[in-house]
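Here chain A shows up in two complexes: once beside chain B, once beside chain C.
Presenting the complex of A and B:
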């Protein structure tokens, strides 16, 4: 009964979305919305299918996805790895961790001009920007997860004669997994923002560069097509990570 | 003592950095010595243009935050109080929410051109959704007995919102404002770096493009200081206004 109830509301909600898109179409057809800014769903759809048919939109989407994936994986490895090192060392928590608190409110995109000086308008600049920017939430949540591990588990590890590596792999990482997964999700959001920013600055292909160039050419349909794809990427990657999260944390809810 | 320990490493790194630059006698387009950076920051702090840039960023970010926070609270209270509205809007909101705010920059650019309005619109878009979600959750978690009291007193919907709902969600609303302020500053700077030629972000880009590393690092330091001060100030304010939120402060 509850399921049915929820399903009905979902359908109603979906219907509202369809109605909104239809209303947008009606307003666009009636020329109430300025055509230069709001092209209407039909012209957006045409821009999408034209882009896919010519292959340029596919190429740009794949470029963005590759950068997003690579940058995010890099940031995850660095963030969780460094977090594990800091989280298991009393020394690092006293001397190194305070720096994180100071660096945290700094907008990650503010690093872009610095990277531009070092790496120029290149692919590696975008990747470094994503990796560096998305690393912080992962690092901080890993450190937080490690610091919440019950002292008795540490005693168990000590009495079993576990080394630091074994403690991290067998006790700390599984225990901190819920926090780490939250960090990975947050990092993905940051990574998606940074891939768009990086592509807008460097104009080295990708959806970010595509929509900015479309704005310069006053091609609104092309912009909406690119933005819609970015929305889909955000939605799908988030949902995928959510699926991985529920699977990885299955053992927790007994 | 812990604060001193925290300071030790950055200070040691700065000294090492300074020594390395002095000893190697390096001239660089990418790296500046700490003393040159602090000199650049000192010079900038006496320039009216620097303060004008700071004001531009804060004003555009602040206006966007006000707009986004207003819209977010309004719809959050509406969705929370009238559950059918919230449920019917669910798919639309969930579709728009994962869209990175910066992605709507080209659309806003077509409509508004460069300037304040571009930045205000994007900051408003980016801050509206987190505030909406937090407000809706806060309204849903209001003690049911309070709603019963409202019904027993036969309060009008307006009076119910003013006298029961708002006071009950105020602490969590402020937490949402604090988080949104941080997001707003980040979006404002990002918009300025990506396209908009005003404010501190644009100053940062200009310094980078004209190979003035000392000015660039000084501006970066300043942006970090503003972000840190904003975060610190809002947190203090929250703990002072709503001491009960201490546990959930972080």
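Presenting the complex of A and C:
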């Protein structure tokens, strides 16, 4: 019964998507906007298939995915690691946390020129940019998750003679995982934004660079193709992370 | 070779495990425990009763090493004891917080073995033995959320026994359970304590539970918490939920304890 219900809703949202694309086509065919700036789904699709056939679009997509993945993993390790440090250490709370409060409100895009000075037009620059921007949600949710650990669990750890490392790995991290998963998702969204920003600045391949170059060449269909592909990447990566989350937190639904 | 100096505890039969010497505990300006003395011997079952605010739980936390005395000292096997030790296990009343909800029954017991550095190969067998000892055979793969309160408390006891403790400290462990489960667990606990020869220190506000379980009952009085009286319980063992509770000695103690506690009721 519940499956049927969910199936119906899925069909409904799919129908809405089809209707929107159809509406987009109608709007493009009506020529309210110049065809050069506003290609319909048909021309966007042709640009996509042309790009895939020539192989350049595949290469750019893979480049962007690699940077997105590496940057996100880097941000996750830094964010969760620093979060665990701040969450378990009084010293870190007093000395490190205030520095975060200064750095956190800085827009990551404003940091890009600074990184460009130090790292040049490189992958490292893009990865650092992603890591800087995307680590905050992970760091803050980890700290929050750690601060919510029931004091009884700390007493259990003490009476079992667990060290700090074992406490973090076996009690604090699994306990904070529901919070951290939320941070990982938010971080993924930020990482996708920043990989595009980074690629537009460095112009060293990738979908971001491809969109920027297409814009300079007034090739609207190519721009729309790149944007559509980024949308699909966002959708698929988020869904994958959702699956991981369901598996990692299946104890919550028992 | 027998030690010639000091007390030969094994020969006398009453081997001292934990001793509290004039210990006081303060939180800020408030004195929770004031000059408490107590000696716990090996294999002994001691219950602590007292009106609320008499520092029963603080007394347990002092023995656990979770709070340090402002005055006096706590000796564990003759050495000063100021931090928790693996040899002193604690059964908390709120089993839901003390257990890890993301680990199944096996995993929760395993936590104690992992912390003690027991090699992986040995763990499975010991976990199975411990779970069946507390009556949880067949529930190895269940998560705490799939268990009743009684089962969860059994699981916590199994994890504490995995520490192979000398002392088992229990803070109203059956307080949240229904009467039938409570009586069943009381008998199982007496069996476990007898078989493993641990020393049990049991905080309760249920006077009959205290009499039924104890070799000795420590009665605390409040404001500030002090040891007011110690009652020796000479009821025969093994105890029985029906016949023990009908014995004249049981009823006499029951009256004495009720009279004691009533003095503090407003």
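In the analysis below, the second predicted complex is superposed on the first by the 241 of 254 C-alpha atoms of A that agree within 3 Å, B and C clash if a C-alpha of one lies under 4 Å from a C-alpha of the other, contacts with A are read in each partner's own complex, and residues count from 1 in each chain.
The rule we apply is simple: contacts are C-beta pairs under 8 Å (C-beta built on N, C-alpha and C of every residue); 3 or more make two chains touch, one makes a residue touch a chain.
Small disclaimer: the values here were computed from a predicted structure and weren't measured.
Contacts of A:197 after superposition on the shared chain: chain B is touched, whereas chain C is not. In the superposed model, A:114 makes contact with chain B only, not with chain C.
Contact with neither chain B nor chain C is seen for A:182 once the two complexes are overlaid on the shared chain. Touch counts on chain A: comparing chain C and chain B, the chain ahead is B. Of the two partner chains placed by superposition, only chain B is touched by A:218; chain C is not. In the superposition on chain A, A:41 makes contact with neither chain B nor chain C. Of the two partner chains placed around the shared chain by superposition, chain C is the only one that A:160 touches, whereas chain B remains out of contact. Residue contacts after overlaying the shared chain place A:99 against chain B, while chain C stays out of touching range. With both structures placed on the common chain, the touch criterion links A:13 to chain B but leaves chain C unconnected. Those residues of chain B lying in contact with chain A across their complex are 2-3, 5-10, 29-30, 87-92, 94-96, 98-107, 109-111, 182, 185-186, 189-190, 193-195, 201, 204-205, 207-209, 211, 213, 216-217, 220, 223-224, 227-228, 230-231.
Those residues of chain A that touch chain C in the shared complex are 150, 152-153, 155-162, 166, 170-171, 174-175, 177, 251-252, 254. Chain A contributes residues 9-10, 12-14, 16-17, 20, 36-37, 94-99, 101-114, 116-118, 189, 192-193, 196-197, 200-201, 208, 211-212, 214-215, 218, 220, 223-224, 226-227, 230-231, 234-235, 238 to its touches with chain B in the complex. Listing the residues of chain C that touch chain A in their complex gives 64, 66, 83-86, 88-90, 92, 94, 97-98, 100-103, 111-112, 114-116, 143, 145-146, 163.
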